[in-house]
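So that you can tell them apart, the chains are marked A, B and C in the order they are listed, and the count of residues begins at 1 in each.
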């Protein structure tokens, strides 16, 4: 819809596509990442019986602006003996890997970055770029701690992509499509039509699928948590052992880019999980627009629900971070390979059987 | 032909978020497995024992505070008991009771720091703040008594600096009531969390024989299964009047003597200390706390070695006096110094992440190691 | 197999318990206060910056001797007889001029060992705890109330008095020696005639 409007405005395909794909990023995701920084600090503080930032603005609401200004004017320290090309390239790769995923996520019924049929597979593939960025950053820093962190990060992200993909394949089998937009449309109606409760087709399949889908949701939530390096899986940036891991040597704006990429990644994960299992931008209770016969209210409502679900899952991720200690590297690997992968395979088989019969 | 791997020397330098103080650890690692660990100490050496030779006995008390700065009352307690034994002073009952209450409250505060920082090292940031919130209450109790929160100079030779504040007993009872549910919450959040157990069980196992041979004392020794506590086996002051148990490691989640056991000992010890404080508060007699303080502290010529149970182990003072107002020599047996010796052996064969776990479970304070 | 499922369930279950604790704490009010707008209440026996009331100081040097870090420096000058220095607030008569009373508050370890020996309670700890400075030399607090001229005057007075006393003593000693010599001469002549019964 926006694409058509822009095309009619400018008459050039390139500009229309360019603006359309950058629009969600700059209007929504980047401000969200900035807000998420403050949100994390406030949530952490209130869970720990303290107040968090309070001085800048009312109750600290403008703290992010102060942070950004500080990071902008910081000296970009460059250590000796680093590999300059890779050092500079690494934050950009991580950033690109996180933000490119938003092209295939439907923000509402009327807006989607690019309506490719590959959808979810594209998202999983592009978040794999992050591994290359992290490895580059760790190696180029010429620092043993960074190298350790980068190696651990690479092992972790690559291993946890497997359960993610297996569950995604499970969902694809049920819904029959890889496009997230079509998947969200398929889950219209009220909240009992969501995939976590079995999907919109009533019948024996729905009752059988519900516990399996709950299990699948749990597994994909945990594996995607590991993909974004959040506690309990935050070994690459484990503060107490290896002093910030692969981004030890970065300061100033480059560090800010890593930071923003992490929060955007968190939101991308939440959006994907909610699109797969919780109906994406669908409202659980029906639309006000339908009730009041106002057509153009519906996309706005859908956008609101999309944001609400995304923010809810981001809050759950933050909640987990401030509760749990972190895993050790070998325990992490054994958790992935010995627990998550076999269970995902079993789920795949069972769901396959149910869909065939 | 075997694969040739290289050994890497990793330096967890004096400035590091999880070495407790300025400690330099030189790790020789192969991949993630540790081959050897060499600790380098001395970054906090302040010549305590040399200072003691030119100061008078009451002037040394502020210096003993600063050795193990997380357990100042217990340090002063040990020193004062040594000097009083040398001089043959008998202190009034009230003074004994107050000293025991202060020492046990200080034990709880010190264990809270140990537990909080251990959780923070493992990655759980929230219990750290909960522990410090409870510790604030204890420090407030100390503050109304003697005015200072960390380094008190409260326990004097022959008595105390001030008597208890009139509000102290009421506030302590309130604290005890509030602390028990907080302890249960801490257990829920950290102690029995499966991830925490996986991180710390079966890591850094210290067998009882090795512990005794190295001279380890305190919760580390008790976690290995040896039932030895100076408050019961070599009683000093009035500890024999109170009814409390000594927790001994049993290896509930893992083996006896691993990190989880050492950590769990501290939690159980906090409960026992609460019991002692409760009993002591109900039994305090009246009296004058400064009646036995001598005008001039001039012990007769002689030597004495006396020891107390610090939160970290056995703290011993060896005092040589030649009859003048300055001691000839004071030597301190610091528990963390002796506990640190076994660290290299515990770490062999474990991974880099375990170094932090083991170091936190031994619970050292660099002020004590370097003096 | 049973252990496998049990382990997985244990992980999830203890995670849930931990999350419940943190969730409950989300609604407990904060325990921190917003310093410096809100200040904590300090107890009565607090130990902060030292202060010396020079009107009461009798120059006994007890606080200087008691300090473990030697942060107090005092210099005293004896007064000449006939001078009236006044009395302290608890009735003691002062007899010494204090010409230097420096406390290096950066060295002070706040142990209160100087407060107890003071016979007139003139050195005590106040409730000031925010006294940061930009220069380290500003930390040496000088408490004397005499001007430099007055200090010189007192010292000079005492020196003159001492010299005078010495001169008098010298004269008295000379006179005594003369008397002794005269006495000896007298008794010397006497003893030539009498038998000497000095005990051996």
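Everything that follows uses one rule, which is that a contact is a pair of C-beta atoms (placed from the backbone, for glycine too) under 8 Å apart; a residue touches a chain by one contact, two chains touch by 3 or more.
Given the structure is predicted, the values throughout are model-derived calculations rather than measurements.
Contacts between chains leave no pair untouched here, as each chain touches all the others. Of the two chain pairs examined here, A-C and A-B, it is A-B that is joined by more C-beta pairs in contact.
Central chain (C-alpha centroid nearest the global protein C-alpha centroid): B. The mean-CA centres of chain B and chain C are about 33 angstrom from one another, to the nearest whole unit. For this pair, chain A with chain C, the centres built from the Cα atoms lie 65 Å apart.
Remark: chain A and chain B have CA centroids separated by 45 Å (rounded to whole angstrom).
In chain C, 15, 18, 21-22, 25, 31 are the positions where the chain touches two or more neighbouring chains simultaneously. The set of chain A residues that touch two or more partner chains comprises 47-50, 322-324. Looking at chain B, one finds that residues 126, 133, 189, 193, 195 touch two or more other chains.
Across the complex, chain C meets chain A through its residues 4, 8, 12, 15, 18-19, 21-23, 25-26, 28-32, 34. Of all residues in chain C, only 7, 10-11, 13-15, 17-18, 21-22, 25, 31, 43-47, 66-68, 109-113, 116, 125 touch chain B in the complex they form. Residue ranges of chain A in contact with chain C, taken from their complex: 43, 45-51, 54, 218, 319-320, 322-324, 339.
Across the interface of their complex, chain B is touched by residues 44, 47-50, 144-145, 148, 231-232, 234-235, 238-243, 322-331 of chain A. Residue ranges on chain B touching chain C, taken from their complex, read 55, 58-63, 126, 133, 136, 143-148, 151, 153, 161-162, 165, 185, 188-189, 192-195.
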